[in-house]
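Letters are used for the chains, namely A, B, C, D and E, taken in the order the chains are written, and counting of residues starts over at 1 for each.
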């Protein structure tokens, strides 16, 4: 039994590599950060096409669409007791940009650099923060980006106590590490919970932040316990060793939902699972082959078994819930049609191919299923399993034939996916912008142009229509076979009240949860 | 005709000992170096981009390039190795990418967990295995012998992870006799401060018996499983050593003295069998330290085996190397220790 | 002096084999083999082990005939996770709707492949390293043993893990990795045996015949080491199977859809609570086969290596 | 030099232990020379040093006037000098038939017509063809020692080193083997160097003998001198008394 | 002379897979407080006879006898415990090779005390004193030092003396010595024999002395039994050895080379099947 004032979640938190919001870019970290740090604005979980204020009381956009002015709520305090001022916000932006870690691009794409950030993101008084962008982007785009965890507000005073001096060099122009080393495991936020401890592959412990300005959490403590296996999570849940199981697989979901003491909840997430075909491969390059492959997935069977309850068949690159998502699933398993297409492509007897597959579920199962359906059309597919990092390394080096992967949006805006699936400014091996299109050696300049245009469309409805158009074209012609969109499921003990999963990974809030 | 030879001259014993020690140290150092070299080069040819492990998949290209240079991954292998060795000689094992802690800190946490598990396992194995082996040898060919033999053989033949899974289902899921995988219930993590890292000892020492009970419920299943495996080995070796000793002439002499069977077996035969048995138990202990890799995986035991496996899968080479060095040290240490024990137990090798 | 036995005209085959004065090389060799065989068969458990292994060989050879289903193609939609005994699926089906029985049958080939290749690779390496090292002594011995020690100082599984991680997962690489980690104990055994043999009078005698070191090692020392090596290798086969299964379990061994038993356990692990058979069946298969090898090895040891068994 | 075997100042050191200290011995061609002494006195070591099986640290060994260096011996040497070991149970390869055992030296030296030679050698030591395909464990101690002798003889050496060839055998069997050795020596005009701890055996077999103790020769004398009790060293005298058996007090 | 031991038609056999090995095939003799030598070639069953009397035949061996009687105790019928209490206390045995028959990991003193404390209720200190006295009695010069030594630290001769001390400390009435000196150097052999000789006569024990050396036995014992293939072929007084009747005994006597006796070739035994019948 878990203590009454503590929530224990079983969760596969093995992706966490840092707790610094300026550096972290992992899904599990996003959940922890969103529960322990505050932002200027947050996604409105009741209507995901909108944002609402968090630290910001209100905001306005200038007519030229370049300047965003935020007014902060008053009397706010960090967990440390330090007051939250616009200066902290500005410094958090500056810090993220100058650190220049993985998620920094979410901010720098608005034209911020280390040299100009102090000017472009600054506090004009204690309560006013002004943010200037370089182009008249769609405001929904800018605000959506500001809901990303990289924009979390850190306690400047506290962090400055922990900075480590470094000697500037060609790579790194600044004389300190902005507290990065300390913040990897430390905490300087103002969210509903304080981060008490993170031990890699073991545990994350959150404790109630009594200085939190919003609704006080009901529980004293939230513990994320590292558990990888679904069956283990289920066991522990049934035994009452954990309150919530976060990574259940279909069979275990069934069992949990049948158990009188337990319940399940779910929410669609922005993660898309796809199979991509590398255009470096002569066969896979052919449009007919690409289309044939889209007919060689047994979507129905997969939907009814392997991803039952944890995903929904989805064949476009924008996940449901995001602006402009297209909900069309035209492809079905059709071996005859596929054979026809293969014949047209000049490979009527099929060919041999490899696929790199992470050895986790459900991708392994899907890969095995595809192996069988492809075989029906004469395509011999060999599975090369590997640890996640290993297959990714290969993927990023473009040495794969086929790859089964998942893609979660970097921030909750259609541009994130549109950019990575269509953009490819330099298709040479030396290309530095390693979008998914680049990784599969595929160029679609027309679609890319359309996506860029949508970015500057300030009317949200029109913007949505533009993205739908791109997706339609993409469906017909691309080396990506989209399979499903993830649904996040959790099983919990019925003693847990008010537990809800949000629409994205940084909206799974634990603050409202109570236990009886 | 063969007779006892004159005792060899004693002079030069101290010199010989120093020489033996020197040879041992030299061997240990070269073994270490080889160990390091092999692991290092394996680590560097692992088809995982180490930078990926540090940054994750979605890092922009320029960040990746920068980090790669910062970490020295663009240097030739031998240069990286040189830098690494230099670091180690100055006592720096580097930081783990995965946990961001210094590797030594991680190991200090993980190592006691493994040692506690393996120690308890060996204890179980030895306390049950030795009497069983003796019994089998004394009752050679009897039903008891066959049973011990089959029990041992099954121990040799069953996949440990499979047995672990099955027993977890039975003893945890069905019977609820034991606690969930892990070392200690999460709630105690905050009321209990380990000192040595051996939770059983620590909790008993501090008189926290509820913690002790909880820790016990966690460790007992994996330890029993490991114990079973060492039991298989130990009972088998005990049997064979005992049979060997029981066929010796001094056993006949002991019986001729009118000693009871119990004394002959436990006082003479086992005392002699104990000499090689120490080595066997030490070996099985070392074996459990490594055998715990799979057990630790199944039981989420935060020990060194799990640490190395995790690190390896993430190309976290500092951690892998650190862990390997520790295990290597323990192996070498155990060998030395069993050698010393052998010497103390066997007067024939004792220097007087 | 023994009184010469008058050769009886109607000597039974058994008598011919057991004759204490064989008339030809073949008779001597056969006689010796027969004695060993009788010693071996006297151990009932060993015979059981032999039967298991022979059974394994037969199953592997006739997998096509025995299996009822395709081992790699399943019916995801209709036949997923069926319990044992459901129409035609003797041992049930797995998560891809494949027949577990057929997969086990075909898996025996992989098991044999792993065991066979590892033995073929590592035993000769160990034998050569051990005998050369033991016989040559001096710096050759020191160097070779240092290398052996380095490999022995690693936990075997961790080393295999590291190698597979470096080479990439897959059954070939698993075999290579296991082979790399299995030879050092053989080298140790062969060396120890060589050391005792080296001082023996019969090796001195051969030396006195003027034989070269190579000849002594190959023709006189190695044959002596071989029987204990065979015993050890047979006993190790169980260990090899378990290691391979362990690698498969960690996802580093055979790749899907290959019906490798360890990998099957790994994939069945997710269903252990509700569909226990998916993980249990391959586990039992591993248990039976490695038990078979252990029993066989035990029997061989008693027959070939009486001093080891404590007689 | 004319001696079959001349040993000067021979020393053997096993890691720091001096097993032989400056031993001088000369054995004439066709002579039978005996070595006696208690266990550990270095008798076997002396023979092994000659055969190149012990680490020689000083001194010289000449065979038929030809100097031998260190422990290296040529192939030709082994056609001239052969040895029979003390323990008949340890000197035959346990996995080889007698046939194979006897074939080995022939194969090494490239001697043709193996079949005939093996048959003859077995005959010579009084073992019929029936023993040819047996394994050592199928033989008694005396028979094994005969095989060992046959093996030594098959390359037709001129010097035979005998390291207590009968001490592991029963008295009755010992007599057979000793008779066989005498017979062979006579037939082949061999030079013998024979070690034993039994003075009776040595005087029976040898013309001259040396008494060893602690790695050194304490006395050299002829068998007649010994039989007459003309001994110098106390140690030799003790040996003689002991060999007479127990005298009741 | 009172009879200490009566052996009548003693048989020892070992059933094996290939048939029954008859190690001893009907041996009969009686023994008083005298020295009886048993000789015979290797494998003739000397040791098996001795061990059967001690009750040390391995479990799978079968011992039968019409009579096996030790000072009024029927050994065949006696319980295992009773026989155990006899061993070491009233019947003792010395084995051939001290190198193998002393426990290598126990100090010599402890092994001697162990015998004593098994059979008598004595304190540690007293046991030690008596062990030291016994060590002195077997002519060990520095008993205190030797008491704490381990078997590998003493020479063969000293080890055999320790063995004798260990076996005689409880004051047995019958001593069986199974080739007690054949592992020793000739010069040491005599010392050990002399000690045994003295102790046996001082304490008035019966002695069975097993050896393969006919000449040694006849010079040491009063009476000699000659065994061949598990049977007694001849029994005679030591003094009558020269008048031995049986060709086997004669052969054994003759075939040993002797200093100063020129016999080329040596006479050899011509074994006849009827000896073993």
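Just so we're on the same page, contacts are C-beta pairs under 8 Å (C-beta built on N, C-alpha and C of every residue); 3 or more make two chains touch, one makes a residue touch a chain.
Chain labels with UniProt names: B = Peptide/nickel transport system permease protein; C = ABC transporter permease; D = Glutathione import ATP-binding protein GsiA; E = ABC transporter ATP-binding protein.
Nothing here was measured: the structure is a model prediction, and the numbers come from that model.
**Q** Fewest touch steps from subunit B to subunit C?
**A** So the least number of steps between the two chains is 1.
**Q** Of the chains shown, whose Cα centre falls closest to the middle of all protein Cα atoms?
**A** Chain nearest the centroid of all protein C-alpha atoms: B.
**Q** Write out the two chains that share the greatest number of C-beta pairs in contact.
**A** So the pair of chains linked by the most contacts is B-C.
**Q** Centroid from C-alpha atoms only, then distance subunit A to subunit C, rounded to Å. What do you get?
**A** 49
**Q** What's the distance between the Cα centroids of subunit D and subunit E, rounded to whole Å?
**A** 33
**Q** Give, as an integer number of Å, the spacing between the C-alpha centres of subunit B and subunit A.
**A** Distance between chain centres, rounded to whole Å: 41 Å.
**Q** Roughly how many whole angstrom separate the Cα centroids of subunit B and subunit D?
**A** Using C-alpha averages as centres, the distance is 52 Å.
**Q** Do you know which subunit A residues sit against two or more other chains?
**A** 235, 386-387, 390
**Q** When you check subunit C against every other chain, which residues touch at least two of them?
**A** Residues 165, 168, 269, 272-273 of subunit C each touch two or more of the other chains.
**Q** At least two other chains touched by the same residue of subunit B: list those residues.
**A** As it turns out, subunit B has residues touching two or more other chains at 1-3, 6, 46-48, 173, 313.
**Q** Inside the complex, what are the residues of subunit E that reach subunit B?
**A** 51, 54, 56, 84-89, 92-93, 95-107, 114-115, 118-119, 150, 152-156, 159, 163, 166-167, 170, 182-185, 188
**Q** Given the complex with subunit E, which residues does subunit B contribute to the contact?
**A** 1-4, 6-7, 248-250, 252-260, 263, 267-268, 271-272, 275, 345-348, 352
**Q** Could you please specify the touching residues of subunit D with respect to subunit C in the complex?
**A** 48, 51-53, 73-75, 77-79, 81-83, 85-87, 90-95, 97, 99-100, 104-105, 108-109, 128, 130-131, 133-135, 138, 140, 148, 151-152, 155
**Q** In their shared complex, at which residues does subunit C touch subunit D?
**A** Residue positions touching the partner: 2, 4, 20-25, 27-28, 32, 200-202, 204-211, 215, 219-220, 223-224.
**Q** Of all residues in subunit C, which touch subunit A in the complex?
**A** Against subunit A, the touching part of subunit C is residues 72-74, 76-77, 80-81, 95-96, 165, 168-170, 251, 255-257, 267, 269-275.
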